[in-house]
């Protein structure tokens, strides 16, 4: 094992996959000499050259188009869209082109494209550089949506994403880039579509994604001292959702809290709550409480107040326990 | 140009024309779901450009893309069955008129979003460069599409990276119900190439020989590492935006006059006058194409509709 | 009262508001001489001239930008984006600019913009011309999302949308354009944010939007013959949701079905189900069943199979009744 | 140009420089949340252009927009408090450095999305035309932004509608960590105007007099119904993309050399040599600006942080 930062784990995954498969290349703004806005592609240009590490103009629609066209020809592009907020300038290419190419052409083409992007708050970067928009993409058939919470997960999932023949929206979290964690020296993969029980518990299930996994683990720790035994499930993949793991846990605990950083209304928590209420309400004892950001744009100066945290998770857990 | 090539150009144009005329018929009879856009009057562009490409080269087509796909050599039966939405269609019936693709003939995809093909064409061209395999990509789009942001982003990158791609603007003077002066101040879209340091050409799109000549140069340029070309072909949309559009917004005199530009009539006159062919030959081609089409229609109409089993296929790998 | 088509009701609303307020103008592709792709702006150019009826190039980002900039200066633009699928090419202008202008600038500007667009299937128009993407916009603070189901509603709501000082995404439904219905001769408004009980019933609540309101009413008719008394609530507005009306109905019936045309996962039905399960689960007797399209792109040739209909609603109602 | 105007230009440039130098200080001390982008070295553009505008005219600024807002006359205290994220900021502290707006001084909004201001500027300009009130809009953007699709869509429509808008490209040769040859083949962005039938000009952005002259012409053109202008001002980014960026990607020699283009030093030399001012005058301006800034910083630091009561304000009307 070795200790490594989340952002470094990304760079390692990219390097390993580029070494393994000549068809893998990276494309995006500042991915070359700049090494990526956050350092995810650091060192790749030096090793792999301009052929496989492509700096682009500020033209996000074109970046996604390049990735899709190259994938149709059998390459395996990893595109970087600097901030998840900027996905808004290339939604057509993602949603109407990339996501639908396989289906609308009757399965003619594989579309192994990964779009890496940085979501979330924590840098006081304001309303146009802090959003969590994963729910949008999970609503679009043809896309997979991945959202890793730890250095170990981000490396293993990114490698799997690159090997997947479907488009994968890969949501990294800015607040986690500097986080350190252990990973094996040897190669490993983590399957897309499987959630991970990050803490086993028997009283209440907390399903969380990305940064909120850590907030939920912190809340679980506090609550343990108060005699509440929380099971924390890290979704890892938002689409397809791992129903099996979630349902098994709720069968056990009968209590459910869902936690994400995006605004609560119409977020991913709604789908998880609805799924449980639709398919296994008889196992539920009490309400499903959702933790998410308030329904306002991310304020530059009030980010601390805005971001959901471990206190919010603990509060939600207490609420379902008191029912 | 050798005789064989001349005859190919003629055959391609006429085939496109006759296929689309029949499509108008059967659509009007209610046999085709959805809506279709035909390129009647614009055949010179598709034929002139695609005749310069090999089967390994790729094209991206538009909502008005029947002619482009046919000229690139898509199988007529599979094409027809697709437009009918049948199982034997080249996309299993799921794409219809607006989203046709065919791997074998190099039709990399038609698009219902105006201007959306251009960014994707960068990617196939980039793959050619990545692999050094010499394949050329042509991306067709309309004059209206040249005002989408994707046009700008794509031309800039193609020029910057010297990509083997040709952006072929089929300028028919109309974008749906709106004519040029409503959407653009300048006359020639070809001129926009200069903004990117790219080669730009404007040509009479109803003169198939001219189109073929300029497309040939552009393909040669792309194939030999000389970079992309913006090739504007000025042509005329004879009918409405979609089949059924009564064109109330369009001056009646224009609707009448456009037929004078008929690329096929012009070319047949040339073929006859230059003694390249005689009338009997032309009549023979009509017959041949006619039977190809009827065969394809019979094939399409005989092909099964897809069922529930197909609904969930091909969403994910 | 007079009978009028849905599309004609739209044109009437636009005409009345343009007559009432000199600051109202329409902008979009083919809205002038073409009268709109579906006829919503028919006749406006002739009456109001090019100054107030602006045909644009095919440049959707610019269309939304024009609307926002004009609104900041005190005008009241009504922009038309031909198909809802094309919102993908102008998401940044809608989501990062229009939705956030008020908040991020500390309330400096009003942003009275209406974006009219046509959603839904029914024309065999294929995967890029048939989507229902309302859930995306309901996830974005700062936007209102309206989705009228009848000629009466579409006129009254459009007039209210134009008078609203917030951005309103106004989702018309292609399959309803030709539908006829009664409206008063005199002027009327329908408030944004209020749902409408389209059929009172005591056994089960069906919350539906847009075209699915009619499918739900049809299902209710069939079910009535079988002794099941369905209450059909037409959401009318998707954001802000009218909790009060929904909760009151569920208190009465204890049974809930939600129906929309968009794909089921991460759709608006998820939010409604989650809201009920979070805030009033004690009133629920059985699962909340959602009706929505299958999780696939809208297939050109299989649209009939794809589109949710009254049978699906009836099936869902039976399911919750059998619990 | 009269003396008053010359002194105004000098004052504006120097004020921008000194404000941003101080911002770098206080940011480095950790007093400002988020990140900030400064325009040190580029002051000639903001000053030259904004000095041609009246308070009723509007500007859209960029992520690197402090100078533009200041030159347009934004109140320094409210500006400073905003960057500090305080209640007395011009946007109640919610916008920060990247999203500043001020109604009174005509700052219609800064933008964190590259290229996103251009479409919005069409709207304010359209409103001027709609009302016939003669207000001119200037939209600032960077060289990198000129490769976004919005640039293309916006310039096309502005030209088409003869809108009273000026697109001012602050070309500092860099887009974040990437230099021109990585994102564009042509030399002059001003040339792109031709693709729209618009007037395009390229000027030395470090020569404030030249900027002022060309901006003046463009404003006059817009004001009198002559339509839009693309005004490219070539300038230099002295520091990193954001404060704290070590610029490892940039040749050290370039980092050194850019200071030779200093628009302020150049202009001061001109003012002295033409006997327009003496050194004592310049020293006096320094003092005056210095105290304005310290006052503003004291104001900002004395202003309260917003609290939970503000979180839910101004989402909806």
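A, B, C and D label the chains in the order they appear, each numbered from 1.
The definition used in the following text is that contacts are C-beta pairs under 8 Å (C-beta built on N, C-alpha and C of every residue); 3 or more make two chains touch, one makes a residue touch a chain.
These numbers were taken from a predicted model, which means no experiment stands behind them.
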{"item": "Chains touching both subunit A and subunit B", "value": "C, D"}
{"item": "Rounded Å distance between subunit B and subunit C, as computed from the means of their C-alpha atoms", "value": "36"}
{"item": "Gap in Å, rounded to a whole number, between the CA centres of subunit D and subunit C", "value": "40"}
{"item": "Chain centre separation in whole Å, for subunit D relative to subunit B (CA means)", "value": "45"}
{"item": "Subunit D, residues touching no fewer than two other chains", "value": "93-95, 99, 111-113, 147-150, 153, 156, 160, 182-184, 315"}
{"item": "Residues within subunit C bordering two or more other chains", "value": "56-57, 59, 61, 85-86, 88-89, 92, 96, 103-104, 126-128, 141-142, 295-297, 299-300"}
{"item": "Category of the chain touch graph - line, ring, star, complete, other", "value": "complete"}
{"item": "Subunit D-facing residues of subunit A, complex", "value": "29-30, 32-35, 37, 55-59, 61, 85-86, 88-89, 123-129, 294-297, 299-303, 305-306"}
{"item": "Touch list for subunit D against partner subunit B, complex", "value": "147-153, 156, 159-160, 182-186, 191-192, 194-198"}
{"item": "Contact footprint of subunit A on subunit C as seen in their complex", "value": "85-89, 91-92, 94-96, 99-100, 103-104, 126-128, 133, 135-136, 138-139, 141-142, 239, 241, 262-263, 265-271, 273-279, 281, 284, 286-290, 295-297, 299-300"}
{"item": "Complex interface listing, subunit B residues touching subunit A", "value": "89-95, 99, 101-103, 108-109, 111-113, 116, 118-128, 130-131, 137, 149-150, 153-154, 156-157, 160, 313-317"}
{"item": "Parts of subunit C lying in touch with subunit D, wherever the complex brings them together", "value": "25, 51, 54, 56-57, 59, 61-62, 64-75, 77, 92-93, 96-97, 101-110, 141-142, 144, 164-166"}
